[in-house]
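Listed next: structures, encoded as structure tokens.
Look at the two complexes coming up: subunit A is in both, with subunit B in one and subunit C in the other.
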Partner chain A sequence: MTATAIVNSLAVLLILTSLLVVESRRLKVSAYFYSLQSLVLISIFLSLAVINEAEQLYLWSITSLITKVFLVPFILLRAVKATGIVEEEPPLVGTTWSVILAALMVGLAFILVQPFHMLAVLDYKTALAVSLAHFLLGLHCMITRINALKQLLGFCLMENGSHLTLAIMAYNVPELAEIGILTDAVFAVLIMSLIAVKLYKAFGTMDASQLKMLKG
Partner chain B sequence: MDYGKLILVGLLQAALIMLAAPLLDGISRRLRARIHSRRGGSIFQTYYDLFKLLKREETVPPQASWVFAATPYILVATLLLLAMIIPSITLMSPLGLVGDLFAVIYLMALVRFFFSLSGLDSGSTFAAAGSSREMMLAVLIEPAMVVVLLTLALLAGSTNLGSISVQVASGQISFLHPAFIIGLLAFLIATAVETGKLPFDLAEAEQELQEGPLTEYSGRGMALMKLALLMKQVIVVALFLALFLPFGGAVDITSGSLILGSIIFLGKLLVFYTLVALIENAVARYRITDVTVITSLSFGIALISFVFYLALS
Partner chain C sequence: MSQELLLLVILTIPLVAALASFTFRLRRPLEFIQVAATAGILLVASLLIKEVLVAGPVSALGGNLYLDELSFIVLMIIGGLGFILGVYSIGYLGYDINKGEIKPSDLGLYYGLYHLFLFTMLLTVLSNNVFIMWAAVEATTLASAFLVGFYRHRSSAEGAWKYVLICSAGIAFALFGTVLIFANAYQLIGQVHEAVLWTEVLKVAGELDPVALKIAFVFILIGFGTKTGLMPMHTWLPDAHSEAPSPASALLSGVLLNCGLLLVIRYYALTGQAIGFDFPRTLLLFLGLASVVIAAFFILVQKDLKRMLAYSSIENMGIIAFGLGIGGPAGIMAALIHTVNHSATKALMFGAAGNIVHKFGTRNTDKIKGVLKIAPVTGVLLIAGALSLGGSPPFAIFVSEFLTVAAALKEGYLVVTIIFLAALAVVFGAMLNFIVKSVFGAPLEGKEKGDLNLLMLAPLVALLIIVLTLGIGIPEFLNQLLERSVEIILGG
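On to the complex of A and B.
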């Protein structure tokens, strides 16, 4: 009982850190918060591994410690350094409405997980709703922020959300599949940050809305 | 329930908070000096300052009305009442009949109202700027506080502070309840803004606004206003502790448990002030426009806490 409560409350911390990732205007700070959030995610994996006695999850936590806590923020920080852009452009939606939307998303996520009655997820309904809300928050970040790197961070948030869903619903997936999913994400981030840097070199800005200008 | 005894406990709390506020300020000043690699004054320096101000002559700006003269007394009296209401050394509210969340919110609003009114009344430009900032901060942070308090009241099924404290301390409201954890964080931000310590030291910013609404005060009025500000900091922290970390408060009214409760309360305050002192020396003051980001974040977190309450009840 208390163990599931710990997982659920850690999941709640995940929502808070993702709010910080979305709302902090400085790109470096956002990347650090993302790293922190991945740490929270890993602690959820570890507690799930202990509760469900799933050895696969231990290996998964180690892989995600390397990729999510160190590698992805490192790539992002390098991209920030390469461009020298400290602060993102003003987003389409201001902080006030953004956080209210976030609250609505959490509510929506809870409504969406209501029909789930699988025995495996019954205890982790909060965590499941949080993972869904996390996915929505990432989407929100990708849509409403103009900065390319910030949109990339939104993608990372969505990914963390889907990882949590996977960890809750299918903790017995073979290691190889899980590690494959994780490394896949690293390459996605690597390629996208390269594109962001190219964007900066071509247009002198990381404003993704500038992409519509044709340039020979 | 023995109301006579409880009122005595309330008086004890008020005296404790009034006497401890300058000491805590002295300690945080000493800490600040240490962080700056200075030796720093005595930890009782704030008491000396207040006594010195009490002896000084008082001047009143010619255009000021009675509000200017009455405000220091109104503030100190209201804050003493608040100190009696908020359960700090006990778990139940010493003034059980008025120990209500809404009473506390309105009394705090009263303090803020008179504080900024006195600044406007003094006719000084600096004071008026400080007053307008104070009101702006109130508008920004109050929604978050109210939403958190509402969520907590719904969780506890009562708006009585004492009843909430008892339920949190006894584990009836689980510490791991998502709405509780998130509410704690939102209220922590609100507490930081309300105490007016450095990153949010906007209304009484010494360097830019000459202490804001306090600009025209001198002598006894100044001493009381300073005391009121110090007490307000302690009371806001005490409210946070009473709602979210009430552990260690006295369950029954015996002298032994009361003394233990007071020591634990002072210990918690000391920890809080030490942390605040560390933060204060590591950050610069926010601009008032930047504060809106922090407060709306706090409001959003409070709303999420409410959503979690709705989803899990």
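On to the complex of A and C.
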């Protein structure tokens, strides 16, 4: 197996874990799957680090391990606990259609990356397509799920997609930028989960489709 | 003080003030910090203007911080409105405490967030590093989310949730675009620390991959366009801007939108100088016109005063995007002037609306009657602000709307200009209707007469003076900044 094949197959594994995040009805299970998926993401970072001799990616892997595998799921689980809501409300689309939509998005992502001819991405077109697909899957989760925490998980998926793109195409960004991006990611999840809990306290539900006070 | 130091100082002031505000809990010290810090930012900004006008762009931290004439326009807005609304906040929150809407212990949170919000906006404007730019915009959302959800109303939590969710999702798109541009520039430049700098990327614009650049611009336009409140990514805006405390609403509409806009303009310049302006212009013309037309009708039917103003912000961001879409020196000039004019007018209007909220206890325009008789100064401020928003002379917005239309006609955009003008007429009608129905007329019974206190009037009078001054003519220093900015955008 060549180096790029390893990265590309890990990337496919990433799509599978993110489908599990989207399709699990139990919020805690979704959060655990997110943690698992972040581990897959980090293994991609490490493979890229070895293959490209990109030392920056080791640092990126360690910070991601702390933030994505432990911190973010921890924050999410805290929010689940604070609201006591175990299972998400029925989503706008059923599992079958949801998976079909997801497949379409993966297809779309592969089509979108075709015109890219930059040197940095030629080897990793599959991985790049996966990162974009991942991003779109997150968007899909955000739009079709009505549970606020599930929407937040959708955002986390989008973020993992973006971070994979970063690792593939821009692993050498200066530390300052890296710190900024990772800090934002953690604070975003923290603040959103705080507001989601506030929302629960105000409305007694996590069903975002019930948020109809502000219209027009 | 050296120029580089000034850039660092202007970022340090709000950061220190935020920490102090989160720490101290006493009302008077908090208010003192509020005034001192916002005045400090304004002072440093005015010191910097001399540098920028005389010696050109200022940079610090290895080029990661950068202030040129273009970003100075937004910096000026942050500094000016940050101070004016900072003072207004004190009066406004004092009323909230008297009414029992908030507890005195909530003040530290508000002021702390206010400074933090200013810091993130300053960082957005001053960063030249495309990744820090991106991170700073996301940070503006995070810093202001609790300002939106500041009141303990159910609707505030809803507004905050929609705000933070939609803007964060939007901004994720911008990261994709940013990465694409960086990776592309890195191949050409070969130096990481230079390839992240917008100014360096601009130098190699002509060699960037056109396809990647087009995709990147679309992603960036979706991302920062969400933050700017452009259609169809605008849906969070009316919720967030109406739910926040009024001075924060003014900051969101009058200042924050410009930060997103500045980044759209930065990438508009980059894309235009790389592959020609036709591509970014077409996109902005379309989004701009859509924003103006659709927002105009929401303004017309809106009964909630603050939501009406929020839709007006979408309309005005649309006007600016429309101006950029017209392009050329005239279109871009009109768009930049409109940015300044809208900011001053919108801060004035949200402030006046804040006075209404405290005086009438409602935002429903059906229940707001006879403002001029009950609170005469606020009434006059509302008339002036509404006329300016409606595009009537001698107020600021008339000037830039006129310039936008003139630029559009000069470029031969006849049909779109007619649609644009029709939408502006709808807005004018809506504003006139508001004045006739709510500001004039007999007050509903049982409303106590008397205007609000000086702290809630003086800052708004200052804004009115600015709106009038800009309506009469553009000051020389601003003109210089604007002309240089047009050159920066068009290249050369």
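Note that the second predicted complex is superposed on the first by the 212 of 216 C-alpha atoms of A that agree within 3 Å, B and C clash if a C-alpha of one lies under 4 Å from a C-alpha of the other, contacts with A are read in each partner's own complex, and residues count from 1 in each chain.
As a working rule, a contact is a pair of C-beta atoms (placed from the backbone, for glycine too) under 8 Å apart; a residue touches a chain by one contact, two chains touch by 3 or more.
Here the structure is a predicted model, which means the values were calculated and not measured.
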Side-by-side fit of subunit B and subunit C on subunit A, or clash: fit
Partner chain(s) touched by A:96 [first = subunit B, second = subunit C, both, neither]: first
First, second, both or neither for A:23, with subunit B first and subunit C second: first
Partner chain(s) touched by A:135 [first = subunit B, second = subunit C, both, neither]: second
Touching partner for A:5 - first (subunit B), second (subunit C), both, neither: first
First (subunit B), second (subunit C), both or neither touched by A:165: second
Touched subunit A residues, subunit B compared with subunit C: C
Touched partner set for A:66, first subunit B, second subunit C, both or neither: neither
First, second, both or neither for A:107, with subunit B first and subunit C second: first
Smallest separation of CA atoms, subunit C relative to subunit B, angstrom: 20
Sites on subunit A touched by subunit B in the complex: 2, 5-6, 8-9, 11-13, 15-16, 19, 23, 25, 94-96, 98-100, 102-104, 106-107, 110, 126, 129
Of all residues in subunit A, those that touch subunit C in their complex: 112, 115-121, 132, 135, 138-139, 142, 148, 151-152, 154-155, 158-159, 161-162, 165-166, 169-170, 172-174, 176-178, 180-181, 183-184, 187-188, 191-192, 195-196, 198-199, 201-203, 208, 211, 213-214, 216
Footprint of subunit A on subunit C - complex, ascending: 64, 129, 131-132, 134-136, 138-139, 141-142, 145-146, 149, 153-155, 157-162, 164-165, 168-169, 172, 175-176, 179-180, 182-184, 186-187, 192-193, 196, 209, 211-212, 215, 238-239, 242-243, 298, 301-302, 307
In the complex with subunit A, residue positions of subunit B that touch it: 174, 176-178, 181-182, 185, 292-293, 296-297, 299-301, 303-304, 306-308, 310-312
